[in-house]
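What follows is a set of notes on a single structure, which appears directly below.
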Amino acid sequence: MASNSFGTLLRITTWGESHGKAIGVVIDGCPAGLPLNNEDINLELKKRAPGKNPYISPRKEPDCAEIYSGLFEGKTTGSPISIVIFNQDHDSKPYESNKLLLRPGHANFTYLQKYGAFDYRGGGRASARETACRVAAGAVAKKILKEIDIEIVAYVCEIGGISISPYTPSSFSQLRKIVDSSPLFCPDLTISTKMSALIDQVKIDKDSLGGVIECVTSSLPIGLGDPIYEKLEANLAKAMLSIPASKGFEFGSGFKAAQMRGSDHNDLFTLEKGQIVTQTNHAGGTLAGITNGAYLITRTAFKPTSSIARTQQTVNLDGNKEEFTPSEKSRHDPCVAIRAAPVVEAMTALVLADAYLINRGVRL
Amino acid sequence: MASNSFGTLLRITTWGESHGKAIGVVIDGCPAGLPLNNEDINLELKKRAPGKNPYISPRKEPDCAEIYSGLFEGKTTGSPISIVIFNQDHDSKPYESNKLLLRPGHANFTYLQKYGAFDYRGGGRASARETACRVAAGAVAKKILKEIDIEIVAYVCEIGGISISPYTPSSFSQLRKIVDSSPLFCPDLTISTKMSALIDQVKIDKDSLGGVIECVTSSLPIGLGDPIYEKLEANLAKAMLSIPASKGFEFGSGFKAAQMRGSDHNDLFTLEKGQIVTQTNHAGGTLAGITNGAYLITRTAFKPTSSIARTQQTVNLDGNKEEFTPSEKSRHDPCVAIRAAPVVEAMTALVLADAYLINRGVRL
Amino acid sequence: MASNSFGTLLRITTWGESHGKAIGVVIDGCPAGLPLNNEDINLELKKRAPGKNPYISPRKEPDCAEIYSGLFEGKTTGSPISIVIFNQDHDSKPYESNKLLLRPGHANFTYLQKYGAFDYRGGGRASARETACRVAAGAVAKKILKEIDIEIVAYVCEIGGISISPYTPSSFSQLRKIVDSSPLFCPDLTISTKMSALIDQVKIDKDSLGGVIECVTSSLPIGLGDPIYEKLEANLAKAMLSIPASKGFEFGSGFKAAQMRGSDHNDLFTLEKGQIVTQTNHAGGTLAGITNGAYLITRTAFKPTSSIARTQQTVNLDGNKEEFTPSEKSRHDPCVAIRAAPVVEAMTALVLADAYLINRGVRL
Amino acid sequence: MASNSFGTLLRITTWGESHGKAIGVVIDGCPAGLPLNNEDINLELKKRAPGKNPYISPRKEPDCAEIYSGLFEGKTTGSPISIVIFNQDHDSKPYESNKLLLRPGHANFTYLQKYGAFDYRGGGRASARETACRVAAGAVAKKILKEIDIEIVAYVCEIGGISISPYTPSSFSQLRKIVDSSPLFCPDLTISTKMSALIDQVKIDKDSLGGVIECVTSSLPIGLGDPIYEKLEANLAKAMLSIPASKGFEFGSGFKAAQMRGSDHNDLFTLEKGQIVTQTNHAGGTLAGITNGAYLITRTAFKPTSSIARTQQTVNLDGNKEEFTPSEKSRHDPCVAIRAAPVVEAMTALVLADAYLINRGVRL
């Protein structure tokens, strides 16, 4: 079925395969009057671009997005915004030799069973390349949110068991700067160095690492999100679990909540500068699915990259045992979590911008 | 906005407040020809009914559901199935005295901010009572799944830090029996005893506990779930995070995946009884959002019940400090996770039945 | 699939069969703060109630609707509004004798082919009785629209070839009064008398008549409706063609436009009391799918009632020729168009209220 | 809101402005395994291409569509199909001089009021150029329908009051051939000559004509379409009224039904070659919203082209009276209905293919 769209009033539809001619996204429902240009998109795309540093895939895609529609005199018109990114550095040859093998942890088995066909080149539609389109759309969502002073920052908080201490950002602009300057999108430089060393080791081992992305949001208006089935956290959970390689999602106290008592977990209300606020934030920014004015805090877990350079046992399409050794030329991230940080940020922005637009009509 | 519906081809819409006249659900899109009667619904409802044992809320609701439409000669007709459950044992008086106070961890703050009004009696629409409707709808989804031999069992795997060892069920019918016979829905009787003792203690302490629900599914057909934004795990994540008090969701290896290496995490393919299967199941039942034929395994974390018997600091609607002491007559679960088990099961059934119906049209 | 819902931000879901226990509707997405009570619903229901006069079906349903949820202290809360109407005067016996025959113009043939089963009693789900739920929901939509001073009046403009002259209402409150006082919902009393005479004749002939309902709307805000696939007229067309027995929809000049020239059809803009308005209204209230501030004018055609008292040739479920003679006790409208007027009004209100809520977020 | 998508399981999203860089469509939910190439799309596009003959707009667009995604080895994969058509012969200058004027019958007034901005060049997003994307998507829908032997032909049945006699096609392939060979898509060559003469005259008069498009469908499987709000005719009505310049929709007997009696209108069932069929087809192919196996017959009315070469009175954006004289270089259709024929065909194909995919899951 039609499964390539996300959102309600602000809805994106992505298309394209890793080694096809191009990939792209149509953003529908963006309000009119928002200043927007190609550069806004390309700045965000650079963050997740491959080939940037030794810790991510060496595939080199300039990822130069172009807006084909929806703009007039530099501003959005309310019409759909179509963004196209042409694929350039795609080399399908490394995938040829193994095209009859089921790759451990990969989409080809289930796609073949479901559809009877699979574009195996670079993972086809199931490739993480699709997430570039999410980041492009997220750039637009972020601009909408900027209009109401919302900032979102996602960063690596754990890689291969090494994790940063929990912390609350003092300033979002500073956090933004630190995270953007780190090759690992990690705000703790000491921990970041340890993570880098571990990544270096795992590359030598022809292996890969998992990780966790934390995402915090500044100053949300109270009231975003809807009751029952459209709780803000429910839509965030769906958004995060739609990112390739994700295995879990939590917000606020998350799984730790299961070990706490109510008297510790309850965030007590108090008055601060004339505003009703909570003294703690175990809730993570919502109550009953609706923002309560506190920081929104989520964490998303990613499995270690399935594509590893070493030989693995598998079977071919007929079920016969074979060995799978990826071509030396195939290029992969040692830890997909790193490049997932901008994607988490983009998906969070899309969920929040949609919730913001939906919320306008809640009272007569 | 309209936020009380869930599902695509099989869609439920729930309605009703905790202390209103009735609650109910409309199930739309159920295929014709399914045998169904009131008893099918009421058997499932009994599992989550309050007042059953000392470990859950003493509110006594016979929860007698009646099917008002969609049946003819004992079978579904393809028309919407409307189920109504009248509220009986609701006593709104305990809520009167505190109606001007913001209850820590509760919906009243955000509902008031969003809507300008809140039906405070028993939590109104935000009460976990709404989940009875999910269980009723889940009973129908389970019957659809039974037609293709899918069984789902959800159980308590952790309460207040006490957890069972990970295990794989040998037989689903046996697991079903054990779980249904346990007052805590816990399949490990030794651990269950420890959990009960902890719950007894926490009730004395006028406090509450969090917990985790694990859910396993037998023998799924390969190919359920859709790529990109409608991944099976994405829809499960949304379903689980829509349950009141949930704080996190993971499937397969979950957050542990973040600490693993690819060479350990990858589930290697092999041939077993003529079928291509994976030797391990870190994936948890899907690859790239589509079922791979392995057990589907999810875990959902629940915070400790926000309603506790002790006095807590808070503010009133005007922001002035006050103490919140619940009426002795208000009735709550010491650990909401327990009664969440049937709800997790129901929501899983709804997601899977929908995915099953959607999948039929995938190939020409 | 789930096909019993209508609307986007304001969404209704109806359920129930003609001869089942009850019928009902869940209205989701109604903004909070709207005063509402049972009487608001029942006043509208009375308009389409059967048994009111000799020109409509003699079935006597008090149609006493009760609101089961979504209200607190007399106002909507933003939670779903569930309305239940118990069926009372249903007599299934007249349908027993003919249950194996395909009724000309009726749903039983296609329902049986599609679902393999059909609740034949009174037409089951396919009965026009379902439209009572639309009228109940429309009562809520109308109250939302009243808040922004929008009034909608639908009336009979043609029955069996007898039609009223086209006219523009001078005052909506007066039009409302005339239409509500007419047993045929016809604003032209002379024509109405002729129509009544024709209906009397057709009843003697054991036959039925078709008709057309016109619907006008006062003073719409400019800007309702969305471009391309969600044009206001597109959603109105869908709404009207979803009403049982409808065969066509037009707005403004409608099918007559096909015979006009551009120089006659174009509505020229002018300035009136400081507002830009059009001198004529061939457009019928929208330009490119978006309201232009003029009256919204639509017409919906209804076929003659399929159920007629005379004997008709048909076949039984096995395809063998038989005669179909309805029981003398079965009760039908001589002209379904008449009772469709309140339904057209309700569906128009639902489309407009939804468009109004959607439109709020169009500009940053 | 997001209003540029159409369909449920098979969903299209169009984008692009008349004078922007490109226009395009994403087709999501197409089943895997369908052979498809650029030529399939371009053949259909040629039918509605401007510049083809004296009866339609002289703008010359080669309309060369390219499929950017969703194909592998010549077949669809189940992934979204992105089609891009670059704009070439767009000349915005003729629009410059009148950009401050409200064009009678045009979108600029309502778009400006709704969005605060309007891309006036060639009508921007509101231009009929968007319908090229519908035709491109319709080409894919038609290929899906061909797999189950469904053929759709739309043709001009009335222009400026000149109409063809009602007729039932004996052979669809022959009808296809006649219609495709007629410059007016009119199957009656005698009438077609009269229509051409009228068009010639109206061009001299600097005026335009309205028209009606009839659409017939061969041999539909019984059971397509869903009850209540998703009736096949309801979705067709929405589809047709979403086409620019459309003013009305009817199916089967349509508005004539209002003048008929039940005894004439009822289509009597009979047995023919072992199949239950109706002797007549006033129904137009559905009963209660579900296909009954008879031909599907619809008619859609189009207003005369709003853009006419003569001078018209209007006001400017400030409400001051001015004259609007289109540039001699602006290029328009003397009768938009003609080029609407392929669009009606495409939209019908999209509705039917969607209904076909949805219907698969109706029975267990």
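Letters A, B, C and D mark the chains in the order given here, with residues in each chain numbered from 1 onward.
Everything that follows uses one rule, which is that a residue touches a chain if its C-beta (ideal position, glycine included) is under 8 Å from a C-beta of that chain, and two chains touch if they have at least 3 such contacts.
On a predicted model such as this, the values are computed, not experimentally measured, just so you know.
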* Looking at C-alpha means, what's the farthest chain from subunit D? -> B
* Consider the two chain pairs B-C and C-D; indicate the one with the greater count of contacting C-beta pairs. => C-D
* Asked: Using mean CA coordinates as chain centres, what's the subunit A-subunit C distance in Å?
  -> 46
* Asked: Using CA atom averages as chain centres, what separation in Å is found between subunit C and subunit D?
  -> 27
* Structure fact -> Per the C-alpha means, the centres of subunit B and subunit C lie apart by a whole-Å value of 39
* To do: Could you list which residues of subunit C touch at least two other chains?
  => 1, 3-5, 8-9, 14, 32-33, 78-79, 111, 114-116, 125, 227, 357-358, 361-363
* Asked: Mind pulling up the subunit A residues that touch subunit C in the complex?
  -> 9, 31-34, 78-79, 144, 147, 227, 357-358, 360-364
* Asked: Of all residues in subunit B, which touch subunit C in the complex?
  -> 1-5, 7-11, 13-17, 20-24, 26, 28-29, 32-33, 66, 68-70, 72-73, 75, 77-82, 84, 111, 114-119, 124-125, 357
* For subunit C, which residues count as touching subunit D in their complex? -> 1, 3-6, 8, 14, 102, 104-107, 109-111, 113-116, 125-126, 130, 158-161, 202, 205, 207-212, 222-223, 226-231, 233-242, 244, 246-255, 257-271, 274-276, 282-284, 286-292, 301-308, 310, 312-315, 319-321, 337, 358-359, 361-363
